[in-house]
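Chain IDs A, B, C and D follow the sequence of writing; residue 1 opens each chain.
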């Protein structure tokens, strides 16, 4: 029951991120989402293992990432997503559609064990898709990174399915992935800023054909 | 040379040998007849034209006199020319002469008969033409080049028509042997494929005129080089060369004409003597006919001549189709 | 067979040696000549030994390859082609060595290496008994000949010609891949022998035949697949063009014959197709040739014409095979094969002599030349021999093979049903027309280049090329005369090869009925020669008593004739071109009768335009926006999910 | 020097592996079978050659290359890890590591275009990595009964995996690893990355890393094969292959930038690879054979590109002409690379293309046959036009003035590669032959 509430909250937060335009708010929302996310392991398998994971996630995604991102936007001094590729209303609409698709697909799949709420898979799917939508529909490098991170959250939701089955490896994978990915992207954002004067990837269209 | 043949194909060499000594006499005889008689046709043509235009005209043997006169004259060679200029008349005359060996003259059977000799027949004329055109180009005169170009152009067409006629004949008599085709079972073939043979005869007659540079294709008597086809090619030849050329064209007319006569007058079933009689009569009629045509027609404009030949082509084509319908 | 292996070994060794000694011209040149002589003699031995004793020989290399095995061998058919290859490569090689000797700024040994590679690959093509080996040799042939063609690659025109050749050849190869793989799949093995064992269903044979005609036809230069040919031949150095046009394009013919040998039964329309191709290529080739005024381009078009004649022979032969009429089949194939050999000889001769003209005068434009016979006597007379031969006039070899083809067509008219008669009749007419036009074309070429006076350039300083160049031409001319006057050896060889295509025992009677008329032809020709001799003699004697004067050509009353007033090749050809303009659909431009290629203009260029256009339009895919790129991935993912999961 | 020595040591260890049996298991996580050994060999040999080349390449620049060399070494280790890993998760981690380590290589010149290319590369490939991670997770989900994703275990009881999850995971893994491998339509990073990376790095990426990623795709197919799902996956693979071929055809036609054209050609060859394993049967053999030849050929031609850039200082095809005149050796190798890549004998690609076509005909995939031939022909049109125009002709004068000549260190690797290519050409020697047999057995080839 609690789990389902949490899942709904997560999805809602990602939709909120999708609808928002001020980078600061977006980052805050993301931090919130990560923190909420970090509670899920406890709700599924309350165990020592789960606690550790929860803490790690909370620190990494809820604290470090936002700090890094704040640092980045201060560095490149941008406040809001100026003109997205797709308008906000449209984006939200698309988000709704994608959530529908997610539920459709996941209805085809049967959960390995019935212990977990059957809301988990569809929610994970929808979070991933929304993250992807962010990735596609925004021009600012920062927003794209956040989109990517949202996707990671969704993937993490999936990983919960395997929490007590498969060894630590998978989570390691996720952490590593997020960590290095964001790090490198931050560096590149710097470069982009120096070379192009703004951290907007709209200028990055010299390479064609 | 003999040795080479031996080396190449000993078995063949044997029948080559006896072939040679068997055919020696007839060959000479045949050549003799052709050489003697051929200029006469020109004479007859000239006489006919004269009579039709109400003149007395030159004597019947005038061509002999002309050629003889030329044989007594010396040569003038352009400094531009090479040996090809001198060789061409010889090749031309020789080729035409040899081609006559494949052609039966009435009772006088062809001394050399073999399967597929029509191809050689055509080939020899091609050789003669090739030589003459080269000779014309050898002089470097623009007029002769013009003549050569025209000759080449028309000969392409005439050759095609000639082969179409051959196709008709060979379809009628299931052979590709000249003397069989023109004489063999001509009578039966008239029953079988009369219309086709008539069409063939007409088209062949046109070819005959074109090949021998008669009106309406070409006017041997014209004096304006620009309008000449055949004559302009030999402007620079003189003396023996010119004699050879004239003689060659006379023989050409004779041989090609005899083909037509052989077909149109089916006489294979008669005695050789009668055959010869009918043949010579036919030749006379033919030359008379040519004379008539020449005197009652004017020369066509050059750009009309292809149309004439293509007309002949169409006639022959229709002939072929008729034969095919009958044959199949 | 061992001889053949030795010659291959010699060539391969020479290739490596020359690659190593590339720096030292003299050494590599000597290696080239030596290995060339060795290899050709050995190859000649093996070819003749197989042709005389009609026993095929095989050779397996015990060596595993992913598909098929390394399996080569010689039967009469391959041996016949091998004969042409070795003879021409030998002579053209020597000529080429002398031709390039003075060219000091290029590295010749590279050229020689590719020449040998082409030699090797040609030998392998005809010797291959396995589809994979065949295809390998085929591709190597393409690439090595490309580098031979682009010898003068500084000029853009040469590069473009080479490029056109390369892509045409390679595109054709795909058809061959599919064809051979289908055959192998059906026969269960890629060895030609097993293939010929198995029987193919009717539908498949038709498909295979079409694929073969396209794939091999590109190489052979059937119209309308010929577009590369008239560009490539002029671009190459002359000895290379001689080899290309003499033997390389014949590999297409060889492939088709091999195909016919393997799949014996075809639907009837295949024969029709072949005859039609023959007619179109023959007439079209010679008509286009008439319109050309660059000598090597003219010769290139004549290659197309002769390929057409060969296709006619093959077509009627195939027809005979389908109607189980051994006799017609035999004559048709024999005619085609003999014409392959003859064309290799006289076209080689013509290209070599054209090369020596170009080497002396530095131009191939017919309308600028003239009167060269006095200055280049050897070249001129040898060219004349080649010209008479290619026109199929008696006394030379062209006549013999065309005689055979003609005869096959006539026989076909007697033995076959209605439609066959129609087509063979059409073939006869086409062949007659080809003969006339070819004669016109070569009188034009020879007359304009060697006779009369020079039109533009100054002849006075010209001198004959070195004997190393004249000797090979002389040998080729000798072969022309030999085959023309004593055709029996070559005809019997051709008959042997033909009977290996259509596996029947050539009965001596059949052979006799084919040979003996030729014998009579020879007799007539001997008489002709005698007559010529007699007439010449008479004239000579008379000349003793009669006066001979020299003077200028009579200008028909025109007072100041100049050399530039001579009748040019363009004007010579013009009157014919005007007649056929509508037929061929090519446009005769005003002034000079310059001919525009129909197929090139209206078939291939548009295709390329379409490809270019599409690729240009579709380049929008890579628009530069990362968002789009990500979207592609996502859409593809969704597509897969919906396709596979739902 | 460090680089060179390490590469050498690695090579030696490789040789040591060869002495041993063909499939060994060090511990649950590490081990190799025939294919991975093959891939490992390719990688290390290529890396060694490129190391030699780099010695010549880097001494031109005045800058310190410590970062670069460190990256290269890490890259080598991660590639080795991919080849050796017997655990899908570990495989994924290793591939991700390679993906990230490529970034500095692409951004070598630090030009704006370089950064742009790097950004795009990172974004797209991290998406691919995310998908492949998801795929791995799904695989684990489907394998809940096993509670592990060790490759051997999965292969042995692939039949008991829950099909729907397995299918889902296969799709995600294909898309994910396909992105890394550069199959259309996930290829979009490739031309930018290869176009901006310097020659040797391009050689490394398109030769070694692509092969390694192919190994990952091969593993996926292996699982499907053992789960008897070929019918499910082969259409997808064929579609991917044909799409890649077509895309390469579109973009190689009158392409203006040399390195980008090479990138598209690499897309083409990746397409041929997946087409081969999609068709199955004899084509698997062909794919593996193609893998070997393609790796070395790509190495060769990218190194040539590096040489050209050093002399001509441009990648624009229009400005490069007459290489044969200017740099005879490099020009010759340019031609060689062209001959190899466009599938002429006596080189191996001729064979693999022929074999794949054969298999396509055997399995009656006539549509595939048609497009395969068409696209190969069009690709050849574009490819030959570009390369031949570069190789032949006469160089422009400002280039002709520059005094750069063929450098020994930068041509010797080309020689080695050519020798290897001839060795693995049409005349495959028996041991390699059996080895490839064994490898293709893994997919029932």
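One rule holds in what follows: a residue touches a chain if its C-beta (ideal position, glycine included) is under 8 Å from a C-beta of that chain, and two chains touch if they have at least 3 such contacts.
Owing to the predicted nature of the structure, the values given are computational and were not obtained by experimental measurement.
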Discussion item. Using C-alpha centres only, name the chain that sits farthest from chain B.
Written reply: A
Discussion item. Averaging over Cα atoms per chain, report the distance between chain B and chain D in Å.
Written reply: 76
Discussion item. Can you compute the centre-to-centre distance for chain C and chain D, using the mean CA position of each chain? Integer Å is fine.
Written reply: 42
Worksheet item: What is the distance in Å between the mean C-alpha positions of chain B and chain C?
Response: 35
Item to complete: Go ahead and note the Å separation of the Cα centroids belonging to chain A and chain B.
Response: 100
Discussion item. Two or more other chains touching the same residue: where does that happen in chain A?
Written reply: 108, 132, 135, 144, 201, 204, 206-207, 209
Response to the item:
Listed in rising order, chain C residues that touch 2 or more other chains are 619, 622, 626, 630, 641, 645
Response to the item:
chain B residues touching 2+ other chains are none
Worksheet item: For this entry, which pairs of chains touch?
Response: A-C, A-D, B-C, C-D
Fill in: Contact set on chain B toward chain C in their complex
1, 4-5, 8-9, 12, 15-16, 19-20, 23, 27, 71-82, 84, 86-87, 90-91, 93-95, 97-98, 101-102, 112, 114-117, 119-120, 122-124, 126-127, 129-130, 133-134, 137-146, 148-150, 152-153, 155-157, 159-160, 162-164, 167, 170-171, 174, 176, 225, 235-236, 239-240, 244, 306, 320, 324, 327-328
Worksheet item: In their complex, what parts of chain C are in touch with chain B?
Response: 370-371, 373-374, 384, 388, 391-395, 399, 402-403, 406-407, 410, 413-414, 417-418, 421-422, 425, 428-429, 432-433, 435-437, 439-440, 443-444, 446-448, 451-453, 482, 485-486, 488-489, 492, 513, 515-517, 519-524, 527-528, 531-532, 535-536, 539, 542-543, 546-556, 561, 563, 565-567, 571-576, 579
Worksheet item: How about chain D: which of its residues touch chain C in the complex?
Response: 119-120, 123-124, 127-128, 131, 164, 167-168, 171-172, 174-175, 179, 185-186, 188-189, 191, 232, 236, 247, 249-251, 253-254, 282, 285-286, 289, 324, 339, 342, 344-346, 350-351, 354-355, 357-358, 361-362, 369, 373, 376-378, 380-381, 384-385, 388-389, 392-394, 426-428, 430, 433
Worksheet entry | Residues of chain A touching chain D in the complex | 108-110, 112-113, 128, 132, 135, 141, 144, 148, 151-152, 155, 158-159, 161-162, 165-167, 169-170, 172-174, 176-177, 180-181, 184-185, 188, 191-192, 195-196, 201, 204, 206-207, 209
Worksheet item: Considering the complex alone, what residue numbers of chain C touch chain D?
Response: 63-67, 132, 135-136, 139-140, 142-143, 150, 153-154, 156, 159, 162-163, 166-167, 170-171, 174, 177-178, 181-182, 184-185, 611-612, 614-616, 618-619, 621-622, 626, 629-630, 632-633, 635-637, 640-641, 644-645
